[in-house]
Each structure stands twice: as structure tokens, then as C-alpha cells.
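Chain lettering (A, B, C and D) follows the sequence in which the chains are written, and residue indices restart at 1 in each chain.
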Amino acid sequence: MQYRRLGSSGLQLSALSFGAWVTFGAQIGRSQARNLVACAWDHGVNFFDNAENYAHGEAERVMGDVIADLRLPRDGYCVSSKAFFGSVSDPAPTQRGLSRKHLNDACNAALKRLRVDYLDLFFCHRPDPDTPILETVQAMDALVRQGKVMYWGTSEWSAAQIREAHKHARANHLQAPAMEQPQYNLLHRERVELEYAPLYAEYGMGTTVWSPLASGLLTGKYNQGVPEDTRLGHDTMGWLREHLLGDSGEARLQRVRRFTRVATELDEAPAALAIAWCLRNPHVSSVILGASHVEQLQQNLQALEVLERIGEAGWQRVKAAVA
Amino acid sequence: MQYRRLGSSGLQLSALSFGAWVTFGAQIGRSQARNLVACAWDHGVNFFDNAENYAHGEAERVMGDVIADLRLPRDGYCVSSKAFFGSVSDPAPTQRGLSRKHLNDACNAALKRLRVDYLDLFFCHRPDPDTPILETVQAMDALVRQGKVMYWGTSEWSAAQIREAHKHARANHLQAPAMEQPQYNLLHRERVELEYAPLYAEYGMGTTVWSPLASGLLTGKYNQGVPEDTRLGHDTMGWLREHLLGDSGEARLQRVRRFTRVATELDEAPAALAIAWCLRNPHVSSVILGASHVEQLQQNLQALEVLERIGEAGWQRVKAAVA
Amino acid sequence: MQYRRLGSSGLQLSALSFGAWVTFGAQIGRSQARNLVACAWDHGVNFFDNAENYAHGEAERVMGDVIADLRLPRDGYCVSSKAFFGSVSDPAPTQRGLSRKHLNDACNAALKRLRVDYLDLFFCHRPDPDTPILETVQAMDALVRQGKVMYWGTSEWSAAQIREAHKHARANHLQAPAMEQPQYNLLHRERVELEYAPLYAEYGMGTTVWSPLASGLLTGKYNQGVPEDTRLGHDTMGWLREHLLGDSGEARLQRVRRFTRVATELDEAPAALAIAWCLRNPHVSSVILGASHVEQLQQNLQALEVLERIGEAGWQRVKAAVA
Amino acid sequence: MQYRRLGSSGLQLSALSFGAWVTFGAQIGRSQARNLVACAWDHGVNFFDNAENYAHGEAERVMGDVIADLRLPRDGYCVSSKAFFGSVSDPAPTQRGLSRKHLNDACNAALKRLRVDYLDLFFCHRPDPDTPILETVQAMDALVRQGKVMYWGTSEWSAAQIREAHKHARANHLQAPAMEQPQYNLLHRERVELEYAPLYAEYGMGTTVWSPLASGLLTGKYNQGVPEDTRLGHDTMGWLREHLLGDSGEARLQRVRRFTRVATELDEAPAALAIAWCLRNPHVSSVILGASHVEQLQQNLQALEVLERIGEAGWQRVKAAVA
């Protein structure tokens, strides 16, 4: 495994990490969850990504139980949580967002579900237009000083919003955000590569990117349409289906088909190739992998070897394919 | 229910909230208290207002027991307390006011009585001329940073005193007050509408207003004099009687009688109409309702519907009536 | 009882308070200690003064037990402790002084001995030339923010040292000292009246003064020499004997004899008159009384009545007597 | 024993202190460890130096047990720990370095191993190029404010790195480092005497120096080669052997042989003389002694007497010998 610093911070995350999203507490059972975490850990993964809303808190409960069960050393791994969407199905106004109340409640609830004394990373899962950024920074600062959170960050915030958080932190001697968790993949590049460009050097911002396979699209498995037994076939995943297959969906599929063709020509699994492509970006601290099968995870964990194999010429062909 | 932000903060309170003042631990028993809280909660009320001195602490004890009994989710509701008057009948000099000692003692005692780990809102119940405002701000800041209080505020402070608190907070990087709890109703408008006017934009100040019915006067029930079995008939409520019926009491009653006449013409209950009128003010975050009967509470909770029904012309008539 | 603010702070102490010095854990037993505290409390005394070194910690242990036994309400009384001299007979270098280590150790030990969660007042018992004042201010600030101490102060520091503490507090947004505990009596006036003069207005400094009777001298009981059964007769009190009767002792005794004569002429007990004289100074927040007998304490507690009785002419005569 | 202030801080350490390095949890058993600590304590040693990595944490476990067993008073002695190298044999990326995560984990683990509530001194064992110094200062500041650490410092940092830590502390009102733990002995003088020279006055920096005997070289026991049963003869001590006997080893041995000759002429044990020489430097707060035998420790503890015996002429001869 390769380890990368979370931006300019002192925390070193595995370049490939494992997320509970969609699968834990929902699609897969506990023993499968245990196998996946064990497999990831055995491959050197040290960061396990979570959020309060994944399976309404159940994902974190499973993650906490599995990690305790595997007796992973607390100082050897990192867990995250994220607050914003709430952990109940129809959250009340005070059970969501980035108010001081919800950040405190969410942090304490995540600590309990994950069975830990502190969160390594705690994210503001989305910007909250109904909470002043200063209030959020103050609340996060207090959690860091209390030792309940090591590093706090944002997820899917605009560069301007991140800047404002830093401005407040500086003016008030408060802990500044250390990282962002943006979507990043061959089909979704603008924010990470353009919008955030000045932030990396200016604030030492790290990124833990999600959806490196564009919700599975880049594996090529939807090239011929959506089968019923895949994630996109699930009713509850309607929004993914919408997002990927609706609107400009056909144009997107064309790019994916070209990409998978290049992958075949390079003799690489499309998924591992797509993940390797994310790792090429030096501003990516860790790429979060999701998986429901151990074999799938093992394959995707080979992205680092793919990265070493593919030369500049290969990447040019990948780039052209998705252009 | 409608939810409003507490000023510019990230906390969203129900526009109508429920207060323990006068009734809890005094006029009504525990089962009635339970019914009232259950009714309020079922209607979407998420803020329950308390103070150390209501029934000498007994009001908070009842509130804490009832909320625990109803198993309300801690992140779904808000409780307040207020410090200043003390919780014993004849408070010693250190058992009242806004000194660091009393604020700490009062906070810890309220947490115990209310059976919670933190107070959502903690008020300085009155200004304390015998404590420097800086000391109060420092003490409140420490409670917020310790996680024992989410938002602190003032009650019945002058605009100048509130400004001074903000000035100290800014100069020393301390948590500033987020809200005021002023009296506000058709007969008592100056402070909220004029004195505080510049504070809303400048500090993002929210307000949780008390006595929307002017101690019941605006229900019209005293239009023909004070019956013995009402709140004003109680001996212990002498000060209310004094305040409402003494001095310029007759002129006040004339305005109330005109108001109730307009309410009848508009085919609205005077109480709900008076509460709706408070809600018209966008600087009001929440209107605190008191009640000793469930029916009374249910009626008053209809104020939001009244607000939607009454048009500009109707409000002009109300305004003229109390002028 | 009269209550006075501790300088410009919000804490109100009884003008007469009770100290454990010399007597508790040493000259008197527990039941007598209990009677004294009960008597003081019944007369409205709300401040009980202690220090780590009084009877090597035993004084605080007795005070804690007695207060717990009498079930005094924690928010109704104040206790102090003081750190500097250490609580063991031959303190090691880290067991004394004003280093961060000793202040933390001393605070925690005093909390345990006094059986309380926080100290109302915590004093630096003497200036420590071997610890930077900034370190002391930082350590005290942390204790205040942790809620273990309400107000911190100094005892027998020079005005220049107190100024330096305030300067560091201001520059670093740290909690400044709120009070001094100086010796103050008719024979020892310079520091309180001259040296500290500018500090009262500038920093709102309060004072809790000790030895209002100049170690008993002002009672007149040593006017004819030192009897064997008094405090000065004790071997362990050799330093008091030295201090009072050595050197310029005779001149001092002459002034005391003139003072007791005036007291007799005014028909007042010399002790109560001397204490009343301290209370005349508006910069004195509280005068600490020591006593080994209840009758003695009761007599001295009458100083407030003496203060009301004596007019300006009377004080002029007192002043002339000790000149 | 002589006690010295840790730089300009208020902490007074014994001029000679005792370290667990190499011996505890490794070369010697628990009863021998107990005898050594007891001997040191009986001679007035009040500082026991440790680190997370000494014997992979076992050294701290032994030290904690021995100190508890001997019932040393917590306020009378000081313990240190150091974070950087990790406490397991092959530390994962998050189990070493100076990140906020590792400093928190390391501190909590050391508190547990040493069986104490706070560390008196907590060192950054080496500079960490992969962690911003600001992050380290913030993490240490939080530990100090939480009361888990009294004084934090560095070990083997460059003067420039120490300066940067102070710069960040000043700019952000954070706790600055109080001390350094550098190697210092007759053969290794440059850093302490030249590189750090301006830091002593500027920051009041104290030093707790290690290896006063240059890993035993200055005892003269390797003058004729390395016997198998000494520390240098141990396989695991290969690096020491390398460092001392490799490269410019012969020249170094020549200087040592001249030094031991002078010691003999002065009629002093070379070890005690070498330690005394370190104590001559007023910027040395404490010299850390290691020992595996009580006799050896007793001999080395005589360095203070040697210091009093040797005059300026003697030191000139020592100086010439190692030039």
C-alpha cells in the first residue's frame, strides 16, 4: 500500500481507503462486512469512511462492531463520520445541517456507533446555507480542542465556502478545515482539478475522493443497459439511475464505452484503471473504494499496481477516450 | 409547524414553542404537564422554555421528567434554562445574578433537573448591574466550549447592554450571545420593534418572545374584570394584577376591548390572533406559549393558520384597535 | 451581615469571613471547628478561607468535613485555597511555588480535601521569583476554563507583580487575577492604602484581608506581656512572637495600648473596633476572622454594628491613637 | 542533590535525573529496576525520563509499576514521555511521527503505561518533516490546556525548527515548547553550546541532556576494545557500535584515552567527571543518567560532588584532553 499525507497535515492515509456507503447495514450482512474490512486492512488500508446517514446510522454501527471484532489497533486505523443529512429517515429541523447543536449531537452519536473515543476525520457532509460558516467553524474547533475530533473537513463545498471557513478560522484563532471529500472520477473532474486548484497550496488542503467509478459506470457494467440485480437496479437507488442514465446520460455512456475499450486494449480491468487514474492526481490524498464482494475489492485494490504499469502514453489514450 | 432560524444561527426552532412558566410545578400536576408537552410535541413544537426560578426549580424538574418519560429524541428538541433570580425562595447573594459562580452553579443544576447533558439555550434572565458584562461573557464562553451550552443569550437586556456583550466577545475571541428573550405582544412593542431594531442585522440576533397574550389580557378574559379563579386571581400573582390593572390599567383594557371586538369581526379567537400578530414580525424566532389546559394550547397553536388567513387589511384593523 | 462585591467582580462575599488559619486541624478539635463554622454561617458568613499549608492540609480536610456535615448549600458559600508553601512539612522543589505543575497538583489536592468540585477563590499565596508570572497566569487561566476555579488571585504580591499578571492576561486573552489577600490592620496599612491604591480602579481588584487584629495584638491581650496560654505563648508560634514583640515591638505595643484606651472610652471591644476599622475601607471586600472559641467569633462578628455606631469623630481618635 | 529550573520555567528538576532508556524492560528485570529508581529517589532524583519506544513501551510500563510500588508522591516527582518512533516494532504510518492523531494516541498510551493522570514533560522525540510544525504546536497546546501535559518540548530539533514552533505559538496564543532534550557530552558539544546559544535567553529554553557518557565511551571501558558482555557487545546495540567505533572512531577513542588519563591524574572516576562536566553548563537543566547496576548509579550520582571539587585548572586539562 502507498500512504499519502492528508494535504499538508501530518496524517498519513492509505492511498486507497474503504467506505461503508451504500453497502454496510443495507445491501450486505455483517459477516460480509467483516470480510471486506479484514481484506482492506490486510492490504494496508487504514482509513474507513462513514457518515451518519449511511443506512440511517446502521452502517456506522456495523463498522464499529466489525473493527472491534477484528481488534484493529486504534492508533493504526482512521475512521471518519459526516454530519448534515441526519441519521433518521425524516430528520427534524434540529437533526440535520451544520448547526452547533447538530454537529455536537452527530459527533457524539457517531462516537457511540463507531465505538471509539475520537473521530479521525469529521466532515460537514454538504454546505448548509442555513448556518453561518463561522458557527460551524467554532463548533468544529471546540470538538477538536476537546479531543473528540482530530481533523475536520468539508464535503462538496464550493471553493468560496472553503475559503470563508479558513478566513474565519484565521481571524479567530480557530482550527481550520484540513480536507475536502469531493466526488472525483474520469467523468467528474472540474471541481477537483479547476475549482479547488488554488486551495491545495494555499491551505494545504487534502482530499478523500468518493465515487472513483462514477457509481459503477466506469466498470463498464452498464454499457449495455442496467440489469435488475445491480445497484442501479435497486429501487432505492433511483437517484443514481436518474443521475447517470437521465439527461445527458447517453453521451456519458458513449464516453464510458470508449474508456472500457481503451482499458481492454491496455489489458487492464476498467475499474482498476479508473481508480488508478484518480491516484495520478497528487492532490488526491485517498480514493475511497466501496465494495460488496471481497473479490471486487481485491481487484480494485490493484489500482496502485496499475498506476505503476501505465505510462504517459496510456494515460493520453484514457484522456482522449473520455474527452 | 413552521420552523425559524434563531436569528442568523443554525438552530431552527418551532415558530411556536412551549414554556413552563407559572404552570409547571405549581398550578398543574405532572400528568397534565405530560399531556401539554405531548400535545405540543405532536404539533411540531421543538422548544421547551424553562428557568431556574420557575416554581423554584420544580418546573424544570417536571419538564425533565416529562421529556424523559415521553422519550423525546435529544437531538430533536431544545430546552432552555435561565439564570439570575435563583432557584430558592430567598436566594443568598451568591445564589443569584450573573457572576461566574452563579452561572456555573445554575447551569449544572439545570442540567441535573432537566436530565440532559447540555442546554440548547441558556439565558441571562435579567441584566445584572453588579456583575461586569465581560465576566458574564467569559463564563458563558467557557460553558459553550465545554459543550454544556449550545447557544447563550439574554432576557430583557437593553440594546446597549447587548452591544457591550458583543463588543467584549469580539475583542477577546469569546462566544457572543445569539438571542434575546423579550416580552412582546400587541401592548408591549417598543423594545422589540424600536430599541432592538439595529441589532437584528448587526449581530444576527434571534428572539424567543414571552407573554404574547400580555399575561392573558389579550384573550379578553379580563374585559369585564378579574374573576377569582384565573391566574390574576391568585394571590401569588399579585404582581401581574398590579402590572395589568394598576396605573394605566383602564386605558390598556380599552385597547384590549377594541382588539377583541376586531377579533370577533374577523371571526378569530383573540388569543390566536394576538399570537399570530407576534409571528408576523420576521425578527421573532419563536413565540413562547404557556398553557394549563390542552384545549387552550391546541387553540393557541392555531395561530400559524390564523397568520395565513389574515390579510394586510385585517392587520391594519388590529393595529388601529390597539393604537 | 453585609455583602460586598469582590472588587468589580460579580461575586458577593460576606464583609466578614472566616479563616481556618492557625486553628483548624491544630489548636482546636473537629467539634469546635464545626461549632465555629456553624456560628459563622448562622451570622451570614459565606466565605471560608483556607490554604494548602494550614496544618499541612489538615485544616482543609477539617473544613471540608465540617461543611459537608453541616450540609451547607454549595452555591451559597465560597471556599478558597492557596498554593505556594506546599502541604507537607518539608516540601520538595516541585511541591511548592507557582509552577504549572504545583498549581495543578495543589488545586486538585485542595478540591479533594475540601470535598468540592471547584474552588471559588484560588490564591497564589506568595510571589514566586522562580516561576515566570506568565506561566502562573496560563496555569490559572486553564483551571478557570476547566471550571475547577471561579476566581484566581494573589496574596502579598507587590503592585508591580500584580500589574505584570494583568499585562500578560491582556496580551494573551487569559483570565486576569480578581483579588489580593494582603495583611491589613491598624498597624499595617501601607500596602493596602498606598501601594495598591491605583489598582482598585484600574483592574477592579478586590481584597480579602487577613490578620485584622495583628495576630491578636489589637485585642489588647498582650498589653501587659505574653501569657503562656495564648497563641503567642505556643512554641510553634515563635515567629509571631518574634514579629510582634521583637525589634520595634515596644513602640508597637505603645500604639496598641493607646488604641485599647480609646476603645474603652468609646465603650467598644478593642477587637471589634479594630475589625470595624478595616471594614471602613471600601476597597476591602472581606475581612477574614480567625477564632478558636465561638464567643470570640460572636464578639468579632459584631464589628459591622460597631461600624454603624462609630462616627467620624470616633475614627479620628482611633487614627490618632495608632499614629 | 541540586535542583535547577527547567530553563526559565517554574519547574525544578534534579540536576541529575534517571532515564529508562536501553535498560528498563530489556536488559534488566523489574526488581533491579525498582532498586535503581529507589536509589535515585533516595539521592534526590525527581525526574524519570521515558519514551514510547523504549523497549516498545515496556520501559514505561516497568517505570509506572515501580513508581506505584514505591509509592512516590505524585507531586514530588516528574515523569516524561516522548512521541515519534512509535511503541510497536514496525509502526504503521499513523503510529509514529508528530501528527495530532499520534500525539494524542501516544500521550494517552503513555499516561496508561506510566499509571499517571498527567505527564510532567512530553517531548517530540525528533522533528517530523511530514507534519507541519503548527499542527504539532496546536496538538501540544490542547494537551496542556486539557491538563494532560504540564510542559512540552522537543528532542534533537534544530534551532530553526524550535524557533518556528515559538513563532507559531506566539502568533496563535498557543503554549510554546519549554525544553529540548539534546545529546550532550564531552565529545558532542556543538548543538548545545553553539547552535542553541541564542535560544536560552530568547525563549528561556531548558535542556534535559542525554548520553552524558557518550554511550559509555567516556567511562573508558572501551579504551582497549569492546568486550562481549557490555552494552556495545550486544547485537541489538549494533548501531551504537557502528556510531562509536566506525568511521572516525579511532580518533574519538584517542580523545577518550586522553580524557581518562586526566581523570586518573585528578583522582576522579572518568564517568563522574564526564557527567560533572555537563553540569558545568548553566543551560543544562538536568543530566539524564542511565544505569543497569545500583553501584554504577551511585558512582555517577557523585558527579555533583566532583563538580564542587574540580577547579578551573582541572577543567582546562579536561578541555585540552578532548580537543
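Convention: a residue touches a chain if its C-beta (ideal position, glycine included) is under 8 Å from a C-beta of that chain, and two chains touch if they have at least 3 such contacts.
All values reported here derive from a predicted model rather than from experimental measurement.
Peer 1: Could you classify the chain A-chain B contact as same or different, where same means more than half of all interface residue numbers appear on both copies?
Peer 2: The interface is built from different residue numbers on each side, given that under half of them are used by both copies.
Peer 1: So chain C and chain D are the same sequence; what rotation in degrees superposes their CA atoms, nearest 5?
Peer 2: Best-fit rotation on C-alpha atoms: 90 degrees.
Peer 1: Distance from the CA centroid of chain A to that of chain D, rounded to the nearest Å?
Peer 2: Taking the mean C-alpha position of each chain, the two centres sit 44 Å apart.
Peer 1: As a quick test, compute the distance in whole Å between the mean CA positions of chain B and chain D.
Peer 2: The mean C-alpha positions of chain B and chain D differ by 62 Å.
Peer 1: Enumerate the residues of chain A that touch no fewer than two other chains.
Peer 2: Where chain A meets two or more other chains at a single residue, that happens at 145, 173.
Peer 1: Using the touch rule from the top, collect the residues of chain C that touch chain D in their complex.
Peer 2: Touch list, chain C to chain D: 88, 92-95, 97-102, 104-106, 109, 128, 130-132, 135-136, 138, 142, 145-146, 172-173.
Peer 1: Note which residues of chain A are touching chain D in the complex, please.
Peer 2: Touch list, chain A to chain D: 3, 5, 8-12, 46, 73-78, 118, 120, 144-145, 147, 150-151, 173, 175, 204.
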